[in-house]
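Following are the structures in question.
Shared between the two complexes below is subunit A, which has subunit B as its partner in the first and subunit C in the second.
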Partner chain A sequence: MKRADLPPNPDPVLNQPITPELVKKHGLLPEEYDKLCGHLGGTPTLTELGIFSVMWSEHCAYKNTRPLLKGFPTEKRGATANFGRVLVKAGEENAGIIDVGDGWAIAFKIESHNHPSAIEPFEGAATGVGGIIRDIFTMGARPVLLTNSLRFGELDSPVTKRLLRGVVAGIAHYGNCVGVPTVAGDVYFDRSYEGNPLVNALCLGTLRHDQIRRGKATGLGNPVYYVGAATGRDGLGGASFASKELSAESSADRPAVQKGDPFMEKLLIEACLEMMAIPGLVVGIQDMGAAGLTCSTCETASRGGAGIEIELDQVPQREAGMNSYEVMLSESQERMLVIVQKGREREIEEVFAKWDLHAAHVGTVTDTGRMVVRHHGVVVADIPAASLTDEAPVYHRQSKRPAYLDETSRWTPEGSGLRDVDLEGAKAALPRLLALPTIASKRWIYRQYDHMVQHGTVVLPGSDAGVVRLRLGETEKFIAIKNDCNGRYCYLNPRRGALIAMVECLRNLVCSGATPLAMTDNLNFGNPYKPDNFYQLKECVEGLAEACRYFDVPVVGGNVSLYNESPEGAIDPTPTVSVVGFIEKEAHITRQFARTAGSRIVLLGGAPDELGGSQFLGAIHGLKTGDAPAVDLDAEKRLQDFLLAQIRAGRISAAHDLSEGGLLVALSEMLFGPARLGAEVDLSGQGSLRVDALLYGESQGRILVEVGPGDLAEVLADAAASAVPAEAIGSFRASAMLSVATGIGTLNWPVADLRSKWESSIETAMKRPGLG
Partner chain B sequence: MNIAVLQFPGSNCDQDAFHLFSSGLGLPTSYVWHKDTSVGGADLVVVPGGFSYGDYLRCGAIARFSPVMGAVREHAERGGLVLGICNGFQILCEAGLLPGALIRNSSLEYRCMTCELVVEEAGPAFNTRLIGKRVSLPIGHGEGNFRIDAAGLERLESNHQVLLRYAENPNGSLSSIAGIRNEEGNVFGMMPHPDRAFERFHPSQDGLVVARAVLSLRFPEILRESA
Partner chain C sequence: MKIKVFVTPKKNVLDPQGVAVGHALESLGLGGLKGTRVGKVVELEIEGADSPQFRAQLDKLCRDLLSNPVIEDYHYEIAGG
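The block that comes next holds the complex of A and B.
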């Protein structure tokens, strides 16, 4: 039964009866449909059904994850009046904001564009970058850096090559043109991502506290403006598309993938920042991301506790004859909704005229609490705004420990009769590991990204973390940023894998000389309706939350991407974390590359002794099993505090944490810097351990540091006093060799050979014949 | 001496160029909007990098029609200094202020990296005595592959108009050309970014040397200040 107060839609197509099939096609469950009818006091129009379907999708409503996310700490315990306060918390706005002192703040957030990138890698990745940049400048911040976190299937498959090429080109196309440097990233290759790549993009911006803007519609009678690109039929229903599993028919969803225009975005950034700099003009502002005009209008109204009325005839359109359903659900890119102070319409219009952009007065703030949409003079939707946002359904899904964990967690090398490496095997493993695309140099990728524009990049891509100088008015500050997540660990032990993602990310920041400040996370998982998947999700979130609380690193925002499945099954659980660290003094900035021949190599944290989940097991034995490496939060904290203190004391000239590939991979990577050194180490004293686990195992909480001979005694003494295991295992040499003495004999490799394997692996795989 | 940095829609290295001259060299520097019809009495006009008008057509093909380009042309014809960096170089070629054209990199990919460049003996402003034999500058472009016809190349070479060549060619440029000047010697264009090589934390500070060299043609004192 149609509600009495809504007349027929001007477009007869939209007056068809709402059938159970139509409800199902909109991704809504029968009980969700009943609930929305209750909110409306009758049956919805087709336009309203479309609006509910996108707003109640996982992408917008977090309906399956909201209860879990409540466990994240959102405030920093150690914040002071002038540093570290969370000024805008996770979930409040488009991005969180944290105080970096002297009246300045940073806004940052990560977001996924996995499904669009699987279907159309170039545009999918490009618009992912565009969307996250808008989330940042809508807060009033100038975007100053991008990072991305990518996951693909194994690089030997032509499908993966096509996806990698497309995704990298798409990110480059958008980020390079818009002029925001891509300063860091992480990329893993694993079968589980075959057909369902992950593309998570992060943007960080800077602003003064008084420049913070909110996505709130307030002030009865204030005009609502639509600015930026015109609306087309592209990206129709993208948010509900992103909440479905991928299937063979997904390519038929191509119209749901949007097309980006980074030039338009650049103009929009400049025009919006110019507009927001005019005192008192902007009341509220929000980008039109997922669910476009729908999401921005009902969210601003709901946050402001107000209502909003819009007139679709005023919306700039680039196609003729669009109906209200299409205009409301379009996900055309590079559009923003702005609420300005009544009577100051001319000021916003002048700014946008200067930049040759649309600024259309499309509506008004009301006090009804309702979102009212008119088209051709007829009301086509009339919905309580809060019912779309705060009242969205919330589910506690079933969780069941997956059966495979019984087998993998009990696996041990001894129990399975896995023989330790002999001298020959130990020698052959290192070049093979260095050439694994997950470990190999990502130069082929990052040289396609402009990582230097805005001239603030201090540590270029390829070291433990990206380091950027922020120019803040007349002052400057240095930050480090790093993404992390080893999905293999999360598959083998979801809670511990998530803990490792966090502690390893923090370790990377500390290796760069930074104190971890705050984090944003991107939860990439499979279909939450499958209890196995939900178990992984729940465990990972609890692991992240535990690490965040322990290290006092608040979550300032994030994104959830579920339904990451291909016909082969769900992806490895991938709770990607991105942490920003603060560097007190420029002199503390530390890189992973060894600098001086004759300096000593100190291993912090003890000798590695685990094989579970390692790249070595995968690449050499074809096994993806065992338990994830152990994590000891107290030991990790002691280690990180110790290293930071030593860096600040000026005793550490290079630091690199042990991660994928273990000790020898980390040591090799320290040699791949500009100084072109060799190294000589002696590990024969660790004779009681398995050689494979010692050389290539991935035990956590280990760092290699370069220490001048004159500082060695003090570093070791301080380590002992701090209860941090530390051992001088050798020296960097002005030689062309890496030489490692072990209990089974001495291993020697020419560094140049190792380097060329590491440097050329991805490049060779991606080479296109005939091109220079 | 006054520096003007042009701003087109889509310029994104305008702030980099601004800071090279203002913070790096301590010179009075200001922006000039593309709709302006004057360069405001500037001694050096910098056409910065970026993606003017998105560069969805040939790079620089639309920017050359911006109102300000008329003023840049007059400034150059009066002998004023012009420096085009990256997209600025592409715009100056499209505007006919410099010969040749820049096409897609031979790799068909964008390249961001630091390049070693060989300095040529290209007149009073650009030579190894002022600059040194080599400089190290970042590049960041998808279309930096310099092209010119045989007669044009011959003219460039015989007039010593080539400023910089890549030690290792990153983009397929003819004769490894990375930067050139006009015949008169007052208009300079280069794909490498001096505006990304001047801060103390940059991999090189050679951008300062190159910027001073360009200015030295009219303001020899800039060299003394740096000594």
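The block that comes next holds the complex of A and C.
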């Protein structure tokens, strides 16, 4: 259908003809441009071109990943009428929601802010936190916790230190000011993230089933409100359009970086929750994140099967003279779009006046299915809403197995002539591994976060998973939450690496006494147009989906971040997973720290025997090769079920899973708790194995547990009955030594020395000269 | 010579501190307020004379340390050079 041309834009600079260069600058392919002209029935205005470019970007449209994401399970098979049902599925809304019983539910989601954080680490990370919090309270939920997943280059470079310092300070600033605790996280340091750090932030909120709100525009004639902070030219440089063509102002005046205001966000949380509690007032609500006003208007219209008309003169503006392109594409923070029941305008205006926030009536819901934007009364954009969302292009990219995998997957220590450690080498490796920033204590980071505010945090950062008490009306429930992803494994074997991310996360939750409930994922990858990268993406997604189906852990939402590359190449594939688990009783909460001298140390899952992809290979031999450790899902399931049953039977006083650094790192970390114990273990019976693989290999499906001497026989007998390998390898001691007997001799370390290496590594690296 | 370096948020960057101060001024009865921006002043006292080389060095220090050029502007005044 041919449409009549729109009238000229009030701002003459927006009336320039659409050239192929302009289309290219907007990141649209020629065929995409043809497609959008088809949707419009004519050529777009510049404002419309900008709108299409952001809505058809990977961030909003998932155009390269949508077919892959369909493989994720979105429902829980084992859900009951009163627990575990997915109430809002992945992709339907801003965040998924899952039933936790008694009429209560949780909403949670993880989202990336990688590129903004690379440009301006403090503001980039801070606004990442602000954005994910809005995704949660948009759903009607009160935000109760944050976690984050960070990746940086090696900590020896000044650039990495600057990024780490800025990102952590930004997260702390926003989270602490807004009053939501940061309770858990994971941080890895690896060359592949040099210059392209990953900043993934998660928020979780609680709500009653009847409080669930959706981002839907319905009801002909219902007013559309803009609430929150005023719009400035924030983030416009981040959009694909070079700003020079737009006006004569220098680009230095147009920051690519959005700046957050956590106190404004706090007001917005309270105002929105208050407004949503008024029965029948709110028809739909959506936050303005990436692509701000554009995304929120066309998505709500498209979901509601309706249309929306807005007048930009009504939009609160921080700066004078903004044109329609700028207002529609601004990424100013702390703003929401609300559709209200007609005739009740006064009620919403009163709530927002009370909280000192803008509530501007910017438009109306129509039944045309079109998103119509006016500026000074002139129509500047008129687009079928669904063409921006549901009908965005979808691509099946080309995938090719990267050549390096042939070499790395064939690598074996024997084949490459790698000599096993001698006694000296075995002794020297442990303190070195404990001091690796990836393994070392993250205290320097989490001490900057307020992890206690709202006083629900039960297990503080530093153990296997964060545990939080949710106050739900008259009842209390406990959840555990943990992020995971070892990018090194995903680099060496994408599918298996993703499986490991998932099973390790589940193992961490089980070690805390929790039953895994649901997950959210953040897929961080390189440019999908490169077949090598797309292969990694595809394999990782399939690996995650397989693990989710196997363990019946549905995906309730997530985020995709592509184009994570530096001049040296793509980052290691990093499909970060974050799983929420449910703890039945407070008594089941288990920590990783050994508690009592004389109690026994039991290794579950068998002796480790693989070296591929390990931190040991990286740190001691400078190798990033081999295959990722093997995963046996059936064995993993038996192990996790067994451990949960033993925790519930009250026989486990501490549990810690083996991950980066292997057996001795895990054992050392169990000693770094408040009880300040030592340990004595005997591994000399495992004589047939390589000593380095036994002590420092990263075989999956292994857990160390602390068992009282009186419970040992029962634990071992139950393990045998459940077909879970279990072996008592030693005891915790009141002594100050860690003593390990091996086939090549006995190793001894003073625990205090190990602990100080582990505790001080990051702090020492981050010390500023002259500032102490 | 005495140098005053003025560091201010870029014109188009949100200035939450400025907004908060402006709001407080209004509630204390200040009428007609059109905008408030809050920045900082760094005062330096240095022996020596003003010169193009010195200004180049000062500009570099302003960019690298005293301001964050992604979100802030700076200018300076030199007296007694």
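One rule holds for everything that comes next: the second predicted complex is superposed on the first by the 746 of 772 C-alpha atoms of A that agree within 3 Å, B and C clash if a C-alpha of one lies under 4 Å from a C-alpha of the other, contacts with A are read in each partner's own complex, and residues count from 1 in each chain.
Basically, a residue touches a chain if its C-beta (ideal position, glycine included) is under 8 Å from a C-beta of that chain, and two chains touch if they have at least 3 such contacts.
Being a predicted model, the structure only gives us computed values, none of them experimental.
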Fit or clash between subunit C and subunit B when superposed on subunit A: fit
Is A:Ser463 in contact with subunit B, with subunit C, with both, or with neither (first, second, both, neither)? neither
Does the superposition put A:Trp355 against subunit B (first), subunit C (second), both, or neither? first
Tell me the angle subtended at the Cα centre of subunit A by the Cα centres of subunit B and subunit C, rounded to the nearest 10 °. 60
State whether A:Met452 touches subunit B only (first), subunit C only (second), both chains, or neither. first
In the superposed arrangement, which partner chain does A:Thr438 touch: subunit B (first), subunit C (second), both, or neither? neither
Does subunit B (first) or subunit C (second) touch A:Asp261, or do both, or does neither? both
Which partner chains sit in contact with A:Ala172 here, subunit B, subunit C, both or neither? Use first/second/both/neither. first
Count the residues of subunit A touched by subunit B and by subunit C, then name the partner with the higher count. B
Partner chain(s) touched by A:Asn559 [first = subunit B, second = subunit C, both, neither]: neither
When the two structures are overlaid on chain A, which partner does A:Ser512 contact: first (subunit B), second (subunit C), both, or neither? neither
By the touch definition at the top of the document, which applies to A:Ser332: first (subunit B), second (subunit C), both, or neither? second
After fitting on chain A, the minimum C-alpha spacing between subunit B and subunit C in angstrom comes out at 5
Give me the intersection of subunit A's contacts with subunit B and its contacts with subunit C, in residue numbers. 261, 263-264, 356
Complex interface listing, subunit A residues touching subunit C: 119-120, 123, 229, 232-234, 252-261, 263-264, 318-319, 332-333, 356
Quick check on the complex: what are the subunit A residues that touch subunit B? 169, 172, 176-179, 261-264, 266-267, 355-356, 446-455, 458, 460, 469, 586, 589, 768, 771-772
For the complex, which residues does subunit C have touching subunit A? 10-16, 19-20, 23, 68, 70-71
Residues of subunit B defined as touching subunit A within the complex: 9-10, 12-13, 15-16, 19-20, 49-51, 53-56, 106-113, 138, 140, 142, 169, 172, 193, 195-196, 198-199, 201-203
